[in-house]
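Chain lettering (A, B, C and D) follows the sequence in which the chains are written, and residue indices restart at 1 in each chain.
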Amino acid sequence: MTEAPKKQVEIQYFAVLKEQSGIPGETIQTSAQTLRQLYVQLKEKHKFGLPLESLRVAVDDQFRSWDDLVEDRSKVVLIPPVAGG
Amino acid sequence: MTEAPKKQVEIQYFAVLKEQSGIPGETIQTSAQTLRQLYVQLKEKHKFGLPLESLRVAVDDQFRSWDDLVEDRSKVVLIPPVAGG
Amino acid sequence: MFSIATESLDVNLLRLSLDDSRAGAYVSFEGWVRDHNEGRAVTRLEYEAHQSLAVSEAERILLEAKDRFGLIAFRCIHRVGTLAIGELAVWVGVTAAHRAEAFEGCRYIIDEIKARLPIWKKEHYADGSSQWVNCQSCSSPQHQLAAASGSGTP
Amino acid sequence: MFSIATESLDVNLLRLSLDDSRAGAYVSFEGWVRDHNEGRAVTRLEYEAHQSLAVSEAERILLEAKDRFGLIAFRCIHRVGTLAIGELAVWVGVTAAHRAEAFEGCRYIIDEIKARLPIWKKEHYADGSSQWVNCQSCSSPQHQLAAASGSGTP
């Protein structure tokens, strides 16, 4: 099995994820194939407490499934539990 | 059976009853014993179309039963079907 | 808590009067005079009320709503007189800690106000005729006879 | 239809924007910052939103409500930033021909707004601490370890 080619992804962090990472976002090179794998890497890197099940994810302003593939030069938003109103 | 003593009652008419009687109210002498009998008399006198079942009645600012007795010098309000709001 | 108004209402003042730092939810209902009812074009409404009976019954309704839904603040105002299309006929405002209670309390109040208050509404139609609402059986016997020969329900 | 505001809202202007002669019922909901939550004294709130995602999801919600309840007009505004006790955090206003649709439509909108929009709320408490709402499991593993030795649910 060969190493997957790296993709460039822009991540945005909100609320508790912004606090825990200490940054509003970052642009990274990743070998993650799915959004699920991407979150596992970011969780490890920033010591995020949130399990994946409690998050939603959006790519380029559309809500997406964790099994969707990571696309090169996409904008990924990690969405912790919401509480509007 | 002797004739019941007459009582003096002030009647107030609203909405359709005011239109059909042509007056906002009147003070009458009545031999009616119950409020039910009183309405039967007034219905006859003013040719009211409304059956008693579709009306409510109040005496001295309290909702009352049609079987309640007519009291001397009381104020009776006949309440046709309501439609607030 | 409840009042009957002969002039147009200042909704903003009414809303501000319910201000409370314990309240997390505010729900208001307004009844507006609309330009049609049951397929007929309406040009204006006329409201008539029995003032003292309406006030005492409305205050009973508001206290029932307070008890059932734990409302923090609540208020209701009903207009009387002639109202044009678009005018505000009735206003209900409530607050509660949470939204479920506020919605249910506000709905309870307007439902009961409409069903129980001695207030009457006459619709005036574009064709020049008029009718007391909810009063299909109100016409005098002569009128009922005339109506029975038509197609409408008596 | 939906917008995010960084300044306080003029409810009166919002309400007037829904004016329509076909409408017989207007229902509005306001979420106010209250001075307590789950037994703790709250001093202020902080709201954060993902602007573009929140707007597109809210417009979906509003159109769902329009279709389901036959609303005539509808609008929603959500505040972001730091809000003091008593301030207006979210406003929803709808109109319909009749009151049942207006109440149900307004309730649907605020329920879905709260559940689906990428908006986050941080509560600041009188004791100086703070917490992201609905985020009991948000703390990092070290914090979870600390919490597990206490009495609170993780």
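Things worth noting here:
Here is the rule we go by: contacts are C-beta pairs under 8 Å (C-beta built on N, C-alpha and C of every residue); 3 or more make two chains touch, one makes a residue touch a chain.
As the structure is a computational prediction, the values presented were derived from the model and not from experiment.
Using CA-based centroids throughout, the chain positioned farthest away from chain D is B. Centre-to-centre separation between chain A and chain B, using Cα means, comes to 76 Å.
Averaged Cα coordinates give chain A a centre that lies 25 Å from the centre of chain D. Put simply, the C-alpha centre of chain B and that of chain D have 52 angstrom between them.
Across the assembly, chain B contributes 85 as residues in contact with two or more other chains. Counting partner chains per residue, chain C has residues 31, 99, 110 touching two or more of them.
Under the contact rule stated at the top, the pairs of chains that touch are A-D, B-C, C-D. Note for the complex: chain C touches chain B at residues 31, 47-50, 52-54, 56-57, 78, 89-90, 110, 113-122, 132-135, 137-144.
On the chain B side of its complex with chain C, the touching residues are 12, 14-16, 18, 20, 47-51, 54, 56, 58, 61, 63, 77, 79-85. Listed in rising order, the residues of chain C touching chain D in the complex are 11-12, 15, 19, 21-36, 85-86, 95, 97, 99, 102-103, 106-107, 110.
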